[in-house]
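Worksheet: one structure, shown below.
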Amino acid sequence: MKNIFDLLYEDDMKFGDITSELIVPQDLTICAKVIAKEDGIIAGVEYLSEKIDLFDLKMKVEKKDGETIHKGDVVVHLEGNAQKILAVERVFLNILGRMSGIATASKRMVEKVRNINSKVRIAATRKTLFGMLDKVAVKIGGGDMHRWGLSDHILIKDNHLALVELEEAINKVKNVSFVRKVEVEVETVEDAIIAAELGVDIIMLDNFTPSQIKEVVEILRNKDLRDNVLLEASGRINEDNIESYAKYDLDIISMGFITHSAKSLDFSMDFK
Amino acid sequence: MKNIFDLLYEDDMKFGDITSELIVPQDLTICAKVIAKEDGIIAGVEYLSEKIDLFDLKMKVEKKDGETIHKGDVVVHLEGNAQKILAVERVFLNILGRMSGIATASKRMVEKVRNINSKVRIAATRKTLFGMLDKVAVKIGGGDMHRWGLSDHILIKDNHLALVELEEAINKVKNVSFVRKVEVEVETVEDAIIAAELGVDIIMLDNFTPSQIKEVVEILRNKDLRDNVLLEASGRINEDNIESYAKYDLDIISMGFITHSAKSLDFSMDFK
Amino acid sequence: MKNIFDLLYEDDMKFGDITSELIVPQDLTICAKVIAKEDGIIAGVEYLSEKIDLFDLKMKVEKKDGETIHKGDVVVHLEGNAQKILAVERVFLNILGRMSGIATASKRMVEKVRNINSKVRIAATRKTLFGMLDKVAVKIGGGDMHRWGLSDHILIKDNHLALVELEEAINKVKNVSFVRKVEVEVETVEDAIIAAELGVDIIMLDNFTPSQIKEVVEILRNKDLRDNVLLEASGRINEDNIESYAKYDLDIISMGFITHSAKSLDFSMDFK
Amino acid sequence: MKNIFDLLYEDDMKFGDITSELIVPQDLTICAKVIAKEDGIIAGVEYLSEKIDLFDLKMKVEKKDGETIHKGDVVVHLEGNAQKILAVERVFLNILGRMSGIATASKRMVEKVRNINSKVRIAATRKTLFGMLDKVAVKIGGGDMHRWGLSDHILIKDNHLALVELEEAINKVKNVSFVRKVEVEVETVEDAIIAAELGVDIIMLDNFTPSQIKEVVEILRNKDLRDNVLLEASGRINEDNIESYAKYDLDIISMGFITHSAKSLDFSMDFK
Amino acid sequence: MKNIFDLLYEDDMKFGDITSELIVPQDLTICAKVIAKEDGIIAGVEYLSEKIDLFDLKMKVEKKDGETIHKGDVVVHLEGNAQKILAVERVFLNILGRMSGIATASKRMVEKVRNINSKVRIAATRKTLFGMLDKVAVKIGGGDMHRWGLSDHILIKDNHLALVELEEAINKVKNVSFVRKVEVEVETVEDAIIAAELGVDIIMLDNFTPSQIKEVVEILRNKDLRDNVLLEASGRINEDNIESYAKYDLDIISMGFITHSAKSLDFSMDFK
Amino acid sequence: MKNIFDLLYEDDMKFGDITSELIVPQDLTICAKVIAKEDGIIAGVEYLSEKIDLFDLKMKVEKKDGETIHKGDVVVHLEGNAQKILAVERVFLNILGRMSGIATASKRMVEKVRNINSKVRIAATRKTLFGMLDKVAVKIGGGDMHRWGLSDHILIKDNHLALVELEEAINKVKNVSFVRKVEVEVETVEDAIIAAELGVDIIMLDNFTPSQIKEVVEILRNKDLRDNVLLEASGRINEDNIESYAKYDLDIISMGFITHSAKSLDFSMDFK
């Protein structure tokens, strides 16, 4: 993930930037401005500044990750060798646009739920394109990154449960290590209750309707299990229906929407 | 580009898929179906089948790259070790969804222009997320991949021309090698004519209005230069306005729209 | 970690195994036996069998990871190209010896505490030589691998607390993500109580005497906090004093002893 | 070998040091002291200083490789970014501890034989964990590194001789190149004599008793062959019995003992 | 290609330059002169100066790529750490000698044809040893690099035509992308005419005699096709017969001779 | 070195072989013959067969490394996927041509000296293009590879002696390890004698005239030192003057001539 920049850059530069090498003097130093062409939340600046460092280019940050930006804002200045700036231009803008698009969508969701339920968190799913970079963008937008990969916490999903019974699955993962949390994805109210009774740390309520969520919460409260477990709603939640979920006693709402449907934010790079 | 799968997969699997290793028997063989959850054009099957091979999984292709698919269609079957299928599931679906989303958008554009102007081609820009993979998806959708990177053909862009005069730039790149074409991006009718007179192979008309395009074509015809050069329109062309461009005598319409604004197509993987 | 074999093998084979290439016929197929020269617990077989696969050698396992072995036991058979077996021989034996040495020491500790306190787990520390491989060996010996690296769960250590106050540190890490546990290393009874009151998941009691541990447990019980937190004893615990710790109400005893002081178990490889 | 640090560090830092990133200010500069907690010979300082350079940390060396250190000695100072120092701390200490443990054991052996036989050298075997790094530590302790890998000098071992007769093997390797020495491992007095008569450069007397060594030396002297060959004793030689070997006319005593049984020397890193 | 230096250097330095490490003080700074021992055209200086930078050595260039040099000329000065200069010496000289040898041969060919036919270009083939580096040397000597690899422009060769008919092959590649040129290698006058009629951009006349070339040119002129296509002669053209080809109306003469038969130019490195 | 094939192949195939992908059916299986177009000694077959294996191509060897070949001989058959054969064709032929050219030149030198002095060996220098591959070719031609790189045996060269006195240099390297030989390059008869007296294993007589060589041999014999040292003549020795050197009592004649001036042997690949 951290190397998505390198991969895209190397692909671009297999044998160098042949146009710039022919046209632009090798030692020319220039300044370039990166300008927002839409309103939103900026994300990717810190990641890109680490990459830019490796090219001996100076980057002056006007807008930090997480700040609100408006059309026309200069977000960063780049200064340095013209051929190098031209070589990174497109990869730089593509990543900045992707991450800012995700942060913008995430922030909008965070704000939608804030007034309804101050406890609930918005979280990413694994429906990403740039893996961890997408998740970092979610975090910059105020969301939770959720697990970082398959080696992180234990998460029993529907396809596991197509192969092994729920109770057996939970029993196999409990006690694997005291440092890891255990989460299970369930598709019925009954399974949610069983999972809570078996002592998992987090229950993902997959494709539950708001009323099913309400039912799960009530049963868990009655059984005095609600405080021992985190409840996460997931599946088909988007900008239009999120508020109907947020009003229930959930800990987390995770949404593929903020990554798989985020539109890139538009930026341009201008040379002075 | 070709390694985007590997990068994402390795990120996911830093220390293995700890959940599956605990739950799923190591030697279990299963069949899985990948199912379309939306209508569109499928893309990525050939790329993914090369990757899947490396995991000793068998993949039976029901829908080939470029075919039309409908909600509910089984697009491929995977057969093999259950832990391996679980390990690749998410990366597989994310790439398939991305590429199919782009192919679907590209095909829609290709069809929009077909009846208006059978000569004009739809082409990708460099506003991609997965670099070459995005461009391959454009091709599968019937578009042209345009240049593959900065080492490909010569393309003089606005930021080059912020540093060097148009004529000087063209003279510097002409004759660099008999195997490479030369393209220049221009922003005015006058520059388009100059470029044609200087003998470039392709002229990119950047942010031209349809009427400016009409004007360029007419002047070039009058000067008997139209047949020596390819004309490419680019910039701010999208689903809504493409038809107003296509009716003029262009060779190529290139569109960031089909990559940066393409929504992932939704697929799921089900275990039998 | 997973690549420790490759690193050592490549170092050995910079320009190939020049002796074997001169002496041993290129196509000679042989069988080799790996024989234990000491009693203990075997570990590394599964890891090595994955590596051996890459050399087109067949490996027949007589003793699986975690089994008790005795001097003279044949633990695995290798069959295949003689030059390849000779090339991997030493790296194979060195890793098998290291991992089995650790598993043997770990198992001895696990058995020492079993009868005294069936709840307490033996865990690895980061005082390893082969990183994750050492931790895998601990697990094979019945221990807990503890965190796998610095990106795993949150663990505030003494050197963090040399820079930031305890409360501030805990407040900074709480709520970072609902998927991660938080652990803090403390050096006094007072700090242990503060950490528990601030709601951390795990408290590492560093260099505590048995009587200090007893005191922490009692205070936490009185405050009704004992069930909300895991208690881990660590520091200067070895084979000789482990029993004096195990009798208290701890969840985990972590020991550098089982990795930094484990002697390699001796194996040889014999050709028939 | 040279990359053991990188391998272990990268394993630790898959997604960064999440605790330090949350707690420690990004720009904080600190000083840290590395302190010996046991007496011994220090080794690894030069190797680690090359690695530390790559992190933009300053390292001030108080004790150089090969120096005697005592409990409580500050061996090096590190100065620089706090997050970076925290990130390398454990790998740094683990490697320093390993190498110093080996150097300490090696030096003890070197001193044991010095007064008995000033000609004989202590040499490493291939029973290592860190490959070349272990051998470098042996050298720092005053020993000989022996061959660095399988591409170095020619060394015919027992498993070669299980496949090819002694004379045939020696004839195959002689004359392979004028730049390489030829060594053969033998298990009987007779084979030692044959090897010397065939003109090998070095004979390894494997698992010979002191009296067998005496016998070999005498026969070679009588045949006027002693000066043409180096004699190396190897196998089951340790701290307790080394003196009984050293008194004979050997050139080299090689010992797995100094690597496979060396205990790590204990160091800690303290922040001011 | 760009990494040929790294590959050769790493091979040389598997475990370091053991002689220099023993003899030369670690901190010694020296100046070294690279001296031409033959007349010719120098090439490789720019490539090598990028590599030298990575060793913290200073390089002062006396003769730039493409300049004429004479026996005894100092071509560059190197200043810096003596061990580092010794480590790169041989790889540096080997690459400089190779590239200069090719540039010298290329320049000689360019000059041979200049007065006979000012339009014709000398081009490289793929009969190289260092791939792109050889082609860069051809360019420095005044030639054309031709395609850089198999992903560049379309080039249908004899072995393709052993599998597919000429017309079918050309039809399959036309229209693949508007950014790529299409070239076809033909072996008869008839096929050359067919290729021109099918609209390829470049025709390679493989192993044509001068009189066959003359015939092709005449037919194409008669058919008014000569201006739409570039003509390239290739095969068995060398220093002795090049002039008999150059007098015809060709655009390009490509010659394996300038790479596969170029003798390295001799340089030495002297320490002051 | 071993990876020169991979480097050249990857350079060629950055984005695949675009011509073959368009023209040649993906599943087509073909046979190809590699044919010698000149007489000589073949070399590279074994190296290339390892590489070819990785492409799932079958290679049937008609002429093994070291065999004499004649114009028109089929040297190997390749069978397998047509696109793969086309992709490797040029790299395959370039390496085969290079190595065979060197083997041919080496064999000619070996045969020149055989009747004059049966003891003397022909050896490579470091004036190579493909590093180890060039040296392997020398060996196939009957020569000695000399040292493989800078980590091999100790070789004190002229540039070392520009920095350190001869005696000091030799004393610094002696006793560095019992497994390594020590060689020194000298430029005067006096230094040759000093080196022998100091006990080095090999003396390289650099740019000595035949009469100087004669003188060195005589003095060493008189001092009874001739049998303790190997004598290597080097510098300006080529096909024309080698016989005047070979008649003296030398052990080795090393020649840059057989690598830096070897012409590639010509091969072609034909499809049936």
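We just call them A, B, C, D, E and F in the order they show up, numbering each chain from 1.
We adopt the following convention: contacts are C-beta pairs under 8 Å (C-beta built on N, C-alpha and C of every residue); 3 or more make two chains touch, one makes a residue touch a chain.
Computed from a prediction, not measured in an experiment: that's the story for all the values here.
Participant: Counting residue numbers used by both copies over all numbers at the interface, does the chain B-chain E contact come out same (over half shared) or different (under half)?
Facilitator: Same-residue interface.
Participant: What angle of turn lays chain A on top of chain E when you fit their CA atoms, given in steps of 5 degrees?
Facilitator: Roughly 120 degrees of rotation.
Participant: Where the CA atoms of chain D average out and where those of chain E average out, how many Å apart are those spots?
Facilitator: 48
Participant: With chain centres defined as C-alpha means, what is the inter-centre distance between chain C and chain D in Å?
Facilitator: The computed centroid separation for chain C versus chain D comes out at 24 Å.
Participant: Centre to centre, by mean C-alpha position, how many angstrom separate chain B and chain D?
Facilitator: A distance of 56 Å separates the two centres.
Participant: Quick check on chain E: which residues sit in contact with 2+ other chains?
Facilitator: 14-15, 132, 148, 151-152, 180
Participant: Would you mind writing out the residues of chain C in touch with chain A in their complex?
Facilitator: Touch residues, chain C against chain A: 121, 123, 144-148, 151-153, 177-181, 183, 202, 230, 232, 251-252.
Participant: Hey, which residues of chain E end up touching chain F in the complex?
Facilitator: Checking each residue of chain E against chain F gives 1, 3-4, 7-8, 11-20, 22-24, 28, 30, 32, 82, 86-87, 89-90, 93-94, 97-98, 126-132, 149-152, 154-157, 159-160, 162-164, 169, 172-173, 176, 180, 260-261, 263-264, 269-272.
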